[in-house]
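These notes open a run of structures that come right after.
In what follows, chain A forms one complex with chain B and a second complex with chain C.
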Partner chain A sequence: MSASSLLSVFLDNPAVILTVGALMCVATPRHLAGVIMLVVTAISAAKLYSLGLGNYGVFELFGEEITTIRIDPLSRVFAVVFHIAIALNVIYAWGQKDRAQNFATLAYPAAALGGVLAGDFITLFIWWEMAAITSVFLVWAPGTRATYVSGMRYLAIQVLSGVLLLAGVVLFYRETGSFAFDAIGLRDGDGAIKLAALVIFLAFGIKSAFPLLHNWVQDAYPKSTISGTIILSVFTTKLAVYALARGFAGTPELIYIGAVMTIFPIFFALIENDLRKVLTYSINNQVGFMIVGIGIGTAASLNGAVGYAFSNIIFESLLFMAVGAAMFRTGTSKATELGGLYRTMPLTLTFCIIGALSISAFPGFAGFVTKGLIVDGAAGFNIWIWLTLLFASAGVLEHAGIKIPYFTFFAHDSGKRPKEAPVPMLIAMGVAAILSIGIGVHPEPLYALLPDQEQIAGYHPYSAYHIIEQLQLLLWAILAFAVLILIKWYPAEVPSTNLDTDWFYRVPGRAFVTWAVGAARVIWVALWGIFSGRLHALMTRIYTMHGPEGQLARNWPIGFMALWTAVLLGFVLVLSFLA
Partner chain B sequence: MIIASQLAVLPVITPLVLAPITLLLPKGRASWAWATLVSWLTFAACIFVLKTVAETGLISYYLGDWAPPLGIEYRIDLANALVLFLVSGIAAVVFPFAYRSVELEVDERQTPYFYGALLICLTGLLGVTITGDAFNVFVFLEISSLSTYALIAMGARRDRRALTAAFNYLVMGTIGATFYVIGIGLLYQATGTLNMADLHDRLVGQDNRMVQAGFAFILVGVGLKLAMFPLHLWLPNAYAYAPSAVTAFLAATATKVAVYVLIRFFYSIFGFDFAFMGAAFTYVLLPLGLAGMFVASLVAVFQEDVKRMLAYSSVAQIGYMLLGLSFASAAGLTATLIHIFNHALMKGALFMAVACVVFRCGSHSIHAFAGLSKRMPYTTWAFILSGLSLIGVPLTVGFISKWYLLEAAFGAGHWYAGFLIVASSLIALVYIGRIAEVMLLREPASDGKYVIAAKDAPLSMLIPMWALVAANIYFGVRTELTAGLAERAAAALMTFAGGGS
Partner chain C sequence: MSDHDQNHGKPDDGGWADNPIFIRAFLGLLIISCIAAAAAGLNAAWHNPHPHFAIEGVPAFFAIYGFGAFVFIVLVGQHLRKLVGRKEEYYDERE
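Right after this comes the complex of A and B.
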């Protein structure tokens, strides 16, 4: 292949366009960064639109076909919403001067986009690792010792995911002789688990934060800057959701994994004081819904999972943005230090409530029109899964739908009277809020993007059954919240996660949850220790062997050289005689 | 025309006959100018040879009109025409480069001998490549080796360790040559001929102990000459302590010619009918190539002496060539031929950059490279660009080599080798990156023995060096000459040897 055609393969790729834009941000004056980022995002979106459905950037590598861009209905949904999220983030962080963050603001979503568009495992792997490397700049952005260490842990686990993916791909190639990234399935025809698929599954699982593999989310995300956390919250997990939808749709294991994911973060979110951390738990919970939908794997539930990912990116960002705006004005995101901000930040409050209504899936908002697809699918699969999802939906309302706006803007009066959020932040939140309502009221444009058009054509979100089911759930949950607050049983906002409210101990399962989180933390710390310790030991070993005084680099006496020659001659002689 | 019909002998006869005249010339500039002229004439002859072979195919030339198998035959196909072109081309660049470097590093009284020896060395290497006679290979191998020992020893003016390095190389090189000649003797015993084409014909069906032992001796003997891991122990010191210009010339040519000899024996003499060929590929070349790629690269990472570092890197790069051979496929052979050519370009340029630093600072320690970009920017960037080529960055020749090698690895079903190739390239990134970091980011030494004036190397050194750097880029973008010819050469060799395509 000639150099020029290679170049065109690259420049056709929206992800490459964004990456080039990210590099431009580093090289140009800082005050132009916002404009450049918006323009580049627009160019990339236009490129995506002009390409239309199909495979592009296909070339031969070592006799294997590499498809750098695959736009089909499944990848298109994610590509579209990624562009929306980038634009919102750029507007929200308008005027950001930090070059490293500006770079990551484009380069990291670019990598996630590249992964979504990848038609083969080689391309996927490259973008997968790029996403890991570019996103760590956001974790590091505050520049403190804590964020540095946390960033290194984050990078280690992300790279581990990439290495697993690579290993899985190699095994997969050996089994199938192909790099094509299509449905893999965890089990073969006899129901036995395929090794290659399992390794790839684990790689995806780390990035989508499966239970017990999830700690990196809460560890790294809340430590980033205000805008950094929002960007981080969108892309990594959603790239993994896409990868699971592509490779493992209809894998029953995912249903149980997803169900656990929807439940367990709720408890942590309820007792967590840092509202940004509450929202990171909410990411796990929301991704859990999508994974259940993928696991069920019917046309309806896949549509639901993908559509839910689309709307979730918008309203989850909106919530992060609202809490971020409060933090921007007051310098804190702790529930204990916030409260009573409704007096001076009414617009932010409004947007926050719209986000809360959306994530709680109130009829008329973005969450509602897609979540029903997943819940219906679960009802068809297993009553317990269905009940779990209903319970989790109620939990979403408690921790994300009510807790976030309540403790930020109402609750006890913190006495803080900050100004309303800056205009760029208001614009970004406003657009996200309009989108949340717009999708809720007119879901047709979103439905038109979903993978299975035949199924979605016959789906009506605003049927009496759906509305009644959802409203019953929500109203009872609100009642529960009100009662708990009234009788002061709701976990009060306290400055540490170590609550001494005795009621919680009585709740069954608390011990198990404590154990699980403790175990996960211990494993995490141990793995980190082993990893860093091994690395150090390995380097020492390499140095003693290969260093200037090592055996392999020393000046050997001449007799020794001759001896080696004789040894090799003997070996070759024996070999030739035997062959 | 009479010259045209004698074309095949010109690449050898020109330097061989004209070299002694160097000794009669006054020392210094005159002998250098004469040697440079001879190297250019030789290069011109080799270009014509390559052109003729590429257009009309194989040239067979009977020396003194004595017909083979009794007489010596020069037999030039695309494979050796390419190596001839490479070796004489490197010489044509190194000779002009050498003047200032030699002025500093070699005693002026010795300059006629130095240039004479370098020309003789060139003759030997070209002779090894061009000849179609197995014993003639030995003769030319000795011609080049003997002059090389002397050239390395001339580094003793700056560093006495050059004497031990030269002595070690002499002993090891002699062992290698002896093994080779023993191998030839055994083959002669079995067949009664020394002509390569004739050997091939008469070896058919002779899978006996004599031939097997001959094969083993030749493989190990040539393996020593080409610094196959673990027979490379002579190489790092020889390269490190030889005069800089000699290192640049040897690193780009000597081991490459030895690899060519191995290819010639494998494909044009033995062929795939022998069972031991497959065993040698699988159990000798493949593991030793991989081991060399990693061990030597890792050693290079920790070297404090940049010349030694590059020398170890050469051992690693030879690992790539052996790996390509070990796939026993046309693609693998192509990759090896391409890498022979491309590695010469990058290592030549890298050692020239080191020579420039030695010229200004008098040292090739890594400390001499501190802050070099502020003192010698042209040299710095020449080093970095050829370093990138060594790593295998796109738009350089290194990338082309790695690309064909990977393609061959996957084609042969050795998918793990493909990943190992990439992994060892990453180690190259580390050792080149280490020097680049020192050159670009460190502050230059302000006192002590590593102080350099802010003055780049003289033009007579910069121009040849940058010519090679430009070749690194040019052949990285236009691959018709290297890859195109190498593919044709490999296909021809493969068909002759009776292997699949």
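Right after this comes the complex of A and C.
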């Protein structure tokens, strides 16, 4: 392959364009960073559009075909919404001077985009690891010891996912002789679990934050800067959702995993005081809905999962942005320290409520037009999964639909009277809010992007029964909230740290590692003592024999040697006579 | 990236959301909406034409389920705090 064609392979790739833009941000004056990022995002989006559906950047490497860009209906949905999310984040953080964050603001989404566009496992692995490495700069951005330690934990877990992916890919290649990244499936024709598939499944599971593998999200994301948390909230988990949709659509295990994901974060979010952390639990819960849709694997539920991922990226970002704006003005995102901000931040409040209505899937908002596909799919699977998703929908309303706006802008009056959010933040939130309503009212452009056009053409979200069922569920859940508040049974927020699975590696795990390091040192010292003692004794003996004073180094008199020579010669003479 | 620009006002200095008239109007509207949504469920013509389960045909099933789920989450979920709640500095003291 010639150098020029290799160069064109790279420069055709929107992810590479964004990465080059990220490097430009490091090399150019800081005040130009916002403009550069926005222009580069626009160029990348234009490149994506001009390429259209198809495979690009295909070349042979050691006899294997590498497809660096695969734009098909599945990858296109994610690629499009990733560009929207990047643009919103750049606008939101307009004027950000920190070079490391500016770099990561483009380089990390670039890596996630590269992963989404990857047509083979080698390309996927490279971008998978790039996403881990570039995103950790956002966790480290505040520059405190807590964020450093958290960033290291985050990096270790993300790299573990990458290592598992690599191991899985090697096993997969041994089994199939191919690096093509298509449907894998967890089981073979006999129903037995395939080892390679299981390892890849786990790698995807870590990044999509399966239950018990989820806590890196809550550990790392809320410790980042205001804009950093928003960027982090979008890409890693959605790249993993894409990867599961590509590789494991129709895997029943995902239905149960996803159902658990929709439920348990609700309870942790209920008792969590840090509203940004509440939203990280919301990420787990929302990804759970997508994973259920992927697991069901019908055309409708896959359309639902992918469409819901698209909408979720916008309204979840909007909620993070609203809480971030309150934090920007007040210095805190804790429910106990916020409240009453509606008086002076009415626009932020309005945008936040639009995000809340969208995530709760109220008719007329973005969540409603795609979530129904997943819930209907669950009903087709079994009643328990269906009831679980309905229960989880009430939970979403509780922690994301009500708790976030209520404790930020209403609840008890904190006495804080901050200014309205800065104009760039308002613009970003305003665009996200318009998109949330726009998708809800007029979902056709989103539907046009979904993978199965035949299925979606026959889907009408605004049927009477769908609207009535959803309104009953949500309105009566709000009524429950009002009743609990009026009778003072709704629990007050309490400043606290709530233990989750990260406790295992942060406390006993850490203690075990500390103990293991100490024990290893003691054993090493003891072994070295034994070894060096023996060595010393041996050297002493050698010295005794061969040293200057040793027996073997003694000088012998010449007469003594002559006597023994004569004896030896006499012995030889006697022998020769006898012979 | 932060700007702790806060002017402290007097607590409860008469914002619109703290006005009893607003609160009453909001609650009234909510109750009317809830009743309307439940009542709409009584009309069989507006039921799912292809229900998966018989329970979908129960009038106001979704209203009862939504209410019950919310109450359950709040009343049961808060006890999780007893199991996993620790003081704020818990990890600061250990890392």
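Here is the rule we use: the second predicted complex is superposed on the first by the 496 of 579 C-alpha atoms of A that agree within 3 Å, B and C clash if a C-alpha of one lies under 4 Å from a C-alpha of the other, contacts with A are read in each partner's own complex, and residues count from 1 in each chain.
Quick note on the criterion: a residue touches a chain if its C-beta (ideal position, glycine included) is under 8 Å from a C-beta of that chain, and two chains touch if they have at least 3 such contacts.
Computed from a predicted structure; not experimentally measured.
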Partner chain in contact with A:460 - chain B first, chain C second, else both or neither: neither
Partner chain in contact with A:64 - chain B first, chain C second, else both or neither: first
Touch count on chain A, higher of chain B and chain C: C
Partner chain(s) touched by A:541 [first = chain B, second = chain C, both, neither]: neither
Partner chain in contact with A:442 - chain B first, chain C second, else both or neither: neither
Partner chain in contact with A:327 - chain B first, chain C second, else both or neither: second
First, second, both or neither for A:394, with chain B first and chain C second: second
First, second, both or neither for A:271, with chain B first and chain C second: second
Chain B versus chain C as contact partner of A:569, first or second or both or neither: first
Chain A positions touched by chain B in one structure and by chain C in the second: none
Chain B-facing residues of chain A, complex: 3, 62-64, 170, 173-174, 542-543, 545-548, 550, 552-553, 555-556, 558, 560-562, 564-565, 568-569, 571-573, 575-579
Sites on chain B touched by chain A in the complex: 167-168, 171-172, 175-176, 179, 209, 212-213, 215-217, 219-220, 223-224, 230-231, 233-234, 236-237, 275-276, 278-280, 283-284, 295, 298-299, 301-304, 312, 395, 406-407, 409-411, 415-416, 418-419, 477
Chain A residues touching chain C - in the complex, by the definition given at the top: 93, 96, 98, 146, 149, 225-227, 266-268, 270-271, 327-331, 340, 342-343, 379-380, 383, 386-387, 390-391, 393-395, 397-398, 410, 413-419, 422, 464-466, 468-482, 484, 489-491, 494-500, 506-507, 510
Residues of chain C defined as touching chain A within the complex: 1-13, 15-18, 27, 30-31, 33-34, 37-38, 40-41, 45-49, 52-53, 55-56, 60-71, 73-78, 80-81, 84-92, 94-95
